[in-house]
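First up is the structure itself, then whatever we jot down about it.
Should a chain be cited, it is by its letter among A, B, C, D and E, assigned in written order, with residues numbered from 1 in that chain.
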Amino acid sequence: MTKYRVLAGPEGYLPPAAACEGIRLPDVGWALIEGRHVPEQEALSAIVDKLLSAKRPFFFPGPNLLWEWKEGVAEKASALRKLADTAGARVIPMPDYRPKYPMINPAIEINPNHPNLTIWHNKIDVCVLAGVHCHYANVALKIIRGGTDCYTIAICGEAGHEDANITLRNAGIPQIEALTAMVAERRRLC
Amino acid sequence: MSKPMLKMTTAFADVMPAEYVELVQNGPFGKGYGVADLGSFKELIEEHPLCAGCGLALAVRLIMASLPTPEDTVVVGSTGCSSLAFPQIALQNIHSLFGNQNAVASGLKRALKLRFPDKHKDVLVVAGDGATADIGLDMVMHSWFRGEKLATIMLDNEAYANTGGQESGMSPEGCVLNMAPTGKKFKKIALPEIARESGCAYVASVTPVQPRKLEKAVRRAILVAREVGPTYVQIFVPCPTNFKFKPQETLAKAKQKEKDQTYPLREFITPEAQAYLAALEGGGKHD
Amino acid sequence: MYVTAKVDEPKCIGCKLCIFACPDPNVFTFVKDKKKVIVNPARCKGCGLCVSVCPKDALVIGNV
Amino acid sequence: MPEQKVVAPEFMFTEAAREEQFITGSEAVREAVRRANVDMAVSYPITPQSESMHLVGDIWAEGYIKDYYRGENEFAVMSAVAGAAMGGVRVFTATGGPGTMRALEMFPTWVGARLPIVCAFFTRGINSPLTIQPDTIEMAHLLDTGMIMLHAEDAQDLYDMILKAFIIAEQTEVHIPVGVFADGFFVTHTRDKVRVAPADIKLPPYKPYSAPVPVMDMENVPFRQMRDPFVMKSNYVSYAAHASWQQEVLAAAERARPFIRQYLGGLIEVENEQADVLVLAGGTAVCQSREAIAMAREEGIEAGLIKIKSLRPFPGEELRALTAKAKAVIVPEFNRVGWLSRELRNVVQNPDRVVAGPRVFGGMTMPPDLILSEIRRYARE
Amino acid sequence: MTKKTSIRMSGLGGQGVVTAAHILGSAATRDGLVSTVNPFFGAEKRLAPAESYVRVSSDRIFERGEILFPNVIMIFHPHVISLGKCYTMPFFAGLQPGGLMLVNGDSAPELSQDEREALKRLDAKLYYFPATKLALEVGGTDLATNMAMLGGLIEITHIVSWPGITDALAERFGGGKFVASATTAALDDALKSKYEKISQLLEQNMAVMQAVGPTIKEVTF
């Protein structure tokens, strides 16, 4: 078993891909917290903890949730937005993946090829990626881990991301709504 | 009317950067806009890193404004100056390698035909003269021989510009360029004629001096490629950087070549394509 | 950019030739009600192609 | 149009009835592709691959594949299948030897663009003087393209690996090309028993919208999507992006390991692994090693066999553990450079124990006796 | 005979060494034996040297490729020996002790004294019979030379059964597309065109095979 842990950075000039350090994607019903396999429920709680203890939590919705390109997307986007709002997080979109010329405006957008500009500019300490195609999500997550101390959370509809500090897999509206309910409940208690 | 995919989800519409909002609200998707409407709609290309006064950049802008249905167009580019601009266009686009654009486009076009048999999915190849007439010539010509339903556009700046101004097959004879320090020893490749003989149903050579003419050629090339067969448009795009003239002279250079016939403008249409275009254009929808 | 195209508004007749000659997108905007063009100086690279095609000498390239 | 029922991969691979056919490796390719629900195939002739793509053409004519054509050269073919894959369909092609070299520029591009293309490579010498005979040297050139590389021992392996390659390649978290390698002539033209599933079943279709990158069809998320981003100059901090992109490709191959274990039963296959002397081989070298080990046994010498099925990802941990106690690991190879022994030396403890040979090349057959004499020598020591 | 029989067939392109190997391998599997068959292709042009290899065994066969140490060598054309149109020189290189050689020829092949002695030391047996002549006379075409060679092999070794070879022939010519190489496929069509019906082709081929027996002669060293 690998000793490598997927912790918040800055890890260094070029951090390794977690998969190459022996981190395996979780099975269905499971999730990863910093590279450890945990039941999904445990990861949901950890996400809530992170969101509520963050100074500046941000959500980065990707193109799959920004554009209504197929059925079911609008509902999932609304659920995610509700989660962000309930958690008091701001939202910065990743509308596409091009290497933008001349450069992005880090106050209002994020790009997978150089996500750190947005994270530094907005002093983001916890971020949530959702609706980003897996390849670009992984690229962004590695760069964030390398150059920032931002804690990364991936809500992934496919198999998840070893490179995120916390990742869900096969996550849909039920998981997002569960998170929203948990956040609301914790807020109510405080 | 735009396609559903060109709609933002309401949940995040408020945070989308202005340029995307403008593209949805004021872009050319489903609007039937053309070159004449430039200046009053949001263009498909946002901003690019090409040189001041670049003829190629101007041609790309005009091509993008000439697409009959941008919402169903995929662009295949190649290595060269144009590949610096294509990531910035608001269309799905592919850059694979240097010279293989028509081979990639052949596979893509056939795949899209398999997946969407009842739809026109325009696959537009836009590449430079080096990519089209030199390194990729066999693949360009074989896509024509096979009758692939592709529109191929050459941005002809008569040199390898991105790599610093080397001679290409499309450079004029005698032209002094890098790798041709004593002047080019052979004639400019007659690609329009080759295209005509290789099975293209529509061939045109144009310059950006006459934008409406360029638009007409691009549109015709795309439309003919939908139903009749392969098409080819060659656009002269002077390069101020490598041919060392002042950026404001780009159009004058093109005009001069049109005038003295060193860049003859031509159009070739097969009878079948002619009949197809007559039926379309008679309706007044395009041009 | 240090230089940009500038429109001498009274001279502009709204022929749009500058728009068709500009190699950069979204530099010129055609203002419909005034029938004139305006320039986005942040986008202009100052190449001067617009100047070369303007039939009314309504454009100049100058310092911002 | 033949009627074929879509079945789950697990059913196709394990539960479905099997019919035994006495066929060549090339025919095994046809039988695999027939059942793989392939949308499109592009071909180009080169010995010893040609027969396999003739046969794929034949089943296109029969209606098992939707589109097929002969491209103009291998580079163009590899480009065309890339275009088709970016357009969201399942594609297959094959090449070998000089064809592989002609097309080489495309392979890292496939990987970078995350294209789940399955390509069969039928190995052949690439040197001058010209040879059309088998030699696995081309594989050395492909080890670091990022592709998954599976090496078939015989026609049965070839059939199984091609079918399974589609399923492995198309997993969202993997989604990179798989090269299925088989030694030219020794597998392609050799007639052997192959057990195949019924022809009236096929794999489920490819799901383009589960890809880790957008499909280039202007039907999914719009605007400025390049499959293959031109992360060149003019881009802010482009080096880190490029590096991270390459890391992600490496990671994708790592994620293939569980699927290779699930479908192929492991990255390696072992026999008698507690023996002092082990033989590690891939492809036809495995067959010859099996004969040599049987001959050794008749002489009273025990030797173990490690058959390497997956070269990329490389079974480094497995090999390190398996070889921990061996006195010697003999690596017979069908190429001049001995790339497999180099790979092994990089992962085992005390690499001096790796016996880099015997080797044949240029089309020569390796007599099992050559391997036997190595086994004898190290068993005696 | 060892438990595994390795057969090397040497001939000239167009004589059907590849097809003969295929039919033999097929017949063996029909008889419940294990077989692998592989041709060794040069440029596989007509009248250029061509070789194919068949292994037949009661157990699983792993080994593949060229047969370097055959138990049986079949020479489809006298030029293989007399003009050296052969991948393997001399033609009996690698022959195992007690091995057999079957040569297509109207007369015994000319051997040097050294060769005779070498073959004697190997305890080898050499047979010859007029395969092409029989193919022409009985089958009506020299393209059936390979059938005559197989007939001789069966007659001498009984390596496969007559029903096995009949079924294998039917499978090979009776339908379905056989693939060894493009050139072989083209030749197939030429062959088929010589017969009105496939059944006629099968019958004639069987007749050629069975006609060989009485013509076989053994060379003594």
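The criterion applied here is as follows: a contact is a pair of C-beta atoms (placed from the backbone, for glycine too) under 8 Å apart; a residue touches a chain by one contact, two chains touch by 3 or more.
Model, not experiment: these values are computed from the prediction.
If you take subunit B and subunit D together, the chains in touch with both are A.
Within the contact network of the assembly, the step distance from subunit B to subunit C comes to 1. Least step count on the touch graph, subunit A to subunit E: 2.
Contact count check for D-E and A-D (C-beta pairs in contact): higher for A-D.
Closest chain to the protein centre (all Cα atoms averaged), using per-chain Cα means: D.
With each centre defined as the average position of its C-alpha atoms, the distance from subunit A to subunit D rounds to 35 Å. Averaging Cα coordinates per chain places subunit B and subunit E 61 Å apart.
Each chain gets one centre point, the mean of its Cα atoms, and the points for subunit A and subunit B are 39 Å apart.
In subunit A, 66-67, 69-70, 95, 98-102 are the positions where the chain touches two or more neighbouring chains simultaneously.
The multi-chain contact residues of subunit D, meaning those touching 2 or more other chains, are 214, 219-226, 229-230, 232, 234. Of all possible chain pairs, the ones that touch are A-B, A-D, B-C, B-D, D-E.
Note for the complex: subunit D touches subunit E at residues 22, 24, 26-27, 47-48, 50-51, 54-55, 58, 132, 134, 154, 185-187, 189-193, 284, 286-288, 290-291, 294, 364-368. Within the complex formed with subunit B, the residues of subunit C that make contact are 16, 19-26, 28-30, 32, 37, 43, 45-49, 51-53, 61. Residue ranges of subunit D in contact with subunit A, taken from their complex: 114, 171-173, 175, 209-214, 219-226, 229-232, 234-238, 240-241, 243-245, 247-248, 250-252, 254-255, 258. Every residue of subunit E that touches subunit D in the complex is listed here, in rising order: 21-22, 25-26, 29, 34-43, 62-66, 68-69, 177, 179-182. The part of subunit A that touches subunit B in the complex is made up of residues 61, 65-70, 73-74, 77-78, 80-81, 91-93, 95, 98-102, 105, 108-109.
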